[in-house]
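Each of the next two complexes has subunit A plus one more chain, namely subunit B in the first and subunit C in the second.
Presenting the complex of A and B:
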């Protein structure tokens, strides 16, 4: 019997075509990911040279004026891109994986976006997660939608029910064969990915695989439930496609729109205004209050006094710059909180919809999601502060550029240490799979 | 009586579709979703618009009430310009989510537009943006398919097709009748949406009603042609299929290819065919080229030394301090000119790459009508790439004008000698700030947008012609049994 079912499966040319198409889509998604990773690595590798060149050039021009030199020099911080990000590009195409900042105020620089063609960004990336979330279900639907109805429409169902003692077992066997084939294809693609992109088999990758696996299982269980109603093939196809559209388009899109509406992020713009006013107003104010505020934040610099009548001083200049950041801090924080809230809302939505959940989990594992962006923004702030505090004493005591060991000022990198909770990943899948299994079991129990 | 036969079939098809309660339910749901997206879009747009209006006012007031100061400080104080989408973004968000909303304009430096909606949202945004345009472009076609996949093949299965033919309806009448009937029903999804969009967009008060009306006058027929294409596709495949489920499966396949695969595939190809540099590489290159031409900060730079010598000769003085005009202002003016030119030439190179990517998308409208309608709809709604480019261009022009205006003020009004320590530095009266006009962002006119998208427009018309020809040609080959 099993042997016959296998034969029935692989003799179906349409199935084979579906599998080949899916395989090709998977391969091109891996190619996209590899391309992205290569470009990213290239940018980062070159940036070391860029920074060195820029340093040399500026040191040559302003070696006697450290304050001016540091006005120009940018220090780069890399947001480490794990290999896994080739499988889920996430937000990394919109947000640069390396950012250069001068020691002037941060607020003005930190939102600088990378160049990208908005038309391409709007279409979205053809990465592996896209193939998994959008295309795998389609093939699963194509494999399963007529498992019972086809026999019923051809009139062989009656025949089967006479010959076989357990029709449910037979149907499950058919589903199992299809499931094994799809999972085999999934693993084949992952093995190719691991070899081609050289993804290390570590914890994030394993969780990534498990999450994808559960997602595939979810669709099989969903199909099993739909066909248990024993409607016609056309009706099954219609229902399943509606599920697919609903979960991949309507829900996430509506969700996104409502989330954007509930959490407007105009604080980002407000921070820009406040930062600019905060800094520039100081030029027209007396120097003493500005310095007072600065000394309060950094008492260690209170020995560098600024004379009220002096026309310019780097101590005063960098104090003004920093106060721009200080005065926009609140709005900037609010902006970050809003982004966090937007992401949290999406995570909650994901608990109900495996499509969203898979996307989110994968981007979290690949460090390409919003969590990573927020962490990196925080890392950039720390890095900026460290650079400032390192250079301030030299600038303030009017040192020459040659007292600093510039060879240490290389490109630094940030890696976010956030771990993903395995339980949080699998429980939503587990609940929905169990639920659907129970529902279809009930249906089959009545009808078979 | 061929004409009345056609009319009869059209009416019958349409009425059958209307009679089915399920179909009406689907239509109402879809329309409600459209209304929902318009309502959310409208409130979001008006809140955003009023916020931005306030920010713009604040920026202007801050600018005007800056105290007297050195013009170069003003040039660095700069200007923040905010982008607001066209009100029709309520209907078609297009690229809106991915566009930066604020640019900081200052001397010597071209900043990018930052803080896009997508950049401030999580991964969810990558699923796409929900808008009426998305529903009308992607969801309605699949509904047309579900409504019409059986139109011909089912009649053949029931053997009523032959009967129809015997009663005098030619194959051409049958095909046209089914197509037009289905098409007329599909307009049910489109027609109620248009007036609501008009109303919502007019209420936003950011452009004239005439502008909106004209744009909608382009959008409406374009979508009508689009649905005509899908009605034709559905009926033709239905006519050429063995049975209903084969018809349905091939139609779903077509939908997937047209709506999901091709747009992604084309984007994938265009990105790989026309690669673009990263920001860091771009900026390094610009910096290098600027240094090659002349470094305005280096007093011994040959380019600037030449200017200095010719100035000294012209005014018959020995040092720059004796010049009747402000020398460093002049140097900066020249520096601004050089760096802007270099930046622009690099930017142009980058934009040529983007344009090539864009062109491929437009040309693909001839392969895929979904791309054609997408591009046309975006262009008509003022949310396409060209509209954005226009914003960037306008703000760069304004930035250049601002920097140069401040340099001129410095050249005319600031003395060359440094004030003695303890004295207030030289300044310019703040009346001058008020005289510098505010930034006024003008939406790209419809005419301009269409001109840019002429390929797309012809692609839409091409599909109309192709559909008509295909039906006429295959009418002869229709299998009746």
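Presenting the complex of A and C:
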């Protein structure tokens, strides 16, 4: 009997067309992801050369003035981009994967980035996660919306009801066939992705696969529940499309609005203003209070005195720069905390909506989400601080560039050490899949 | 054997079936006549377990339709007025599919023989059902019923839309099945066909069985007269 259900499936040209289109969309998304990854890797590779060239140029020009040299020189920190990010580009197209900072005021530099093409800042990328979250469900709906109603509307249902003592088993077999086909396509695309993009088969990739698989199962179980009401094909299709629109657009947009309302983030602008005033105002103030604050933070530099009457001093200059960061630190921390809260709220919302959950999980695994950006920002702060503390003694003691081993000043990498909790990934799917299965079983009890 | 005891079906204020009492023994072919809306199809749908009676019960080989609707399916076969099957499967594939879901597995030769018994030409067996005529589909429907080897057959206007030759072929098959000892209930408008093949004839009017007579007691014309007088 099963092979006839397969035959009915693959002899339906519309189904084959759907599968081909989905496959092509998947391939296209893989190409987009690979292109993104290649571009990213190219930029990162070039940055090492640019940093070296910049260093050499500035050393040549200002070797006897370390304070001036370090005013210009930028040190790059790369936010490591795993290969998996080709499947989920996330925020990586808008936020840079590499940031260069001088040892001056960090708060000012954090939000500096090159101009970008606003056309690239589209709502989401056409990456694999997009295809999985948005397009796979449409094909699943197309395959499943009329599994019972088609037989009822075409008149074969009566004969099926008389012949079969277990119509539920028949319906489930039809669903199973469609599920196998979709999952086979899913794995085919992932195999191509692994080979084409050279994604290592590590734990993040395995969890990525499992998450996608559970997402697909969710849609099949949702379809099973809707068709269990035994409404018409048109009614089922409409209901499922409404679910698709609701979960993919209305809920995320509404959720985003609510989250922004609950966690308004004004601190970004506030920090910018505070750091600006914290630094620039010091030019017009007495030097002693500035230096006192600086020495309180870094007692090890208290031996480098600044004469009140001196017109310029790199000790004073970098102390002013530093205090710009100090005075904006609280706002900066609050900004960070609120952005984290927003992200956490989105995660909790995701526990109820598999569409959101899948996107967040994928971006977390691919290190392309907000969590990674916040971690990177912290990493940049740590990196910046380390660079400052390394160069301050040389600047303050007025040494020249020759004393520093510049060969060690290479591009550094930041790696997000955040581990994904497998249970946190899987449990929300299992809950909703189980719930929908129970609901559909109750409805299927009335199946003739 | 098929039996109904005070079978009653009501839809809100409308009574589709009023206390139907019927008994059809093995080897009997019972033709149920009546106008549209008389309750013929309602009777068949209740016997098939597709709808529930409001009161009363029906028995197929002493199994209660009300209490064990799934169990009776093994004992009965059904041929609808319009046999609707899967157009993207061939005739033989449809037969095989519907046989398998009923729990019967046949070889291709056996399936072909079943189709040939109904008069379907061998050349048509492997053609997609989408290209079949109504008569050809009806024959596949008969083959599906035969394949189930059920003791009780329910036929709902089985000759509707068939040409005279196809009708004659079908009638012959029904007669053979009756002679094999099967219990057959046939709802029909075709008085002459009923008169020629049925052992007993029932006439329904407004949900009630108003006449239940042996067909041999009447000629076709007398039967027609009785029918017109009754409805």
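One rule holds in what follows: the second predicted complex is superposed on the first by the 441 of 448 C-alpha atoms of A that agree within 3 Å, B and C clash if a C-alpha of one lies under 4 Å from a C-alpha of the other, contacts with A are read in each partner's own complex, and residues count from 1 in each chain.
By definition in this document, contacts are C-beta pairs under 8 Å (C-beta built on N, C-alpha and C of every residue); 3 or more make two chains touch, one makes a residue touch a chain.
Just so we're clear, the structure is a prediction, and the values are computed from it rather than from any experiment.
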First (subunit B), second (subunit C), both or neither touched by A:245: first
First (subunit B), second (subunit C), both or neither touched by A:431: neither
More subunit A residues in contact [subunit B versus subunit C]: B
A:46 touches, of subunit B and subunit C: first, second, both or neither? first
Contact residues common to both interfaces of subunit A (with subunit B and with subunit C): none
Subunit C-touching residues of subunit A, taken from the complex the two chains share: 1, 4, 7-8, 11-12, 154-156, 158-165, 170, 448
Subunit C residues within the subunit A interface of the complex: 48-50, 70, 73-74, 76-78, 80, 82-86, 88-89, 93, 96-98, 100-103, 141, 144, 148
Residue numbers on subunit B that touch subunit A, as the complex places them: 33, 36-37, 40-41, 43-44, 47-48, 51-52, 55, 58-59, 62, 66-67, 69, 73, 76-78, 80, 82, 94-95, 97-102, 104, 111-130, 134, 138-139, 142, 146, 149, 244-245, 248-249, 252, 256, 260, 263-265, 267-268, 270-272, 275-282, 284, 287, 291, 295, 297-298, 350, 354, 357-358, 361, 384-385, 388, 418-419, 421-422, 425
Complex contacts: residues of subunit A adjacent to subunit B: 28, 32, 35, 39, 43, 46-47, 50, 53-54, 57, 61, 76, 90-91, 94-96, 98, 100, 108, 111-126, 130, 134, 138, 142, 146, 153, 233-234, 237-238, 241, 245, 248-250, 252-261, 264-266, 268-270, 272-273, 276-277, 280, 283-284, 309-311, 335, 338-339, 342-343, 346, 349, 356, 359-360, 363, 369-370
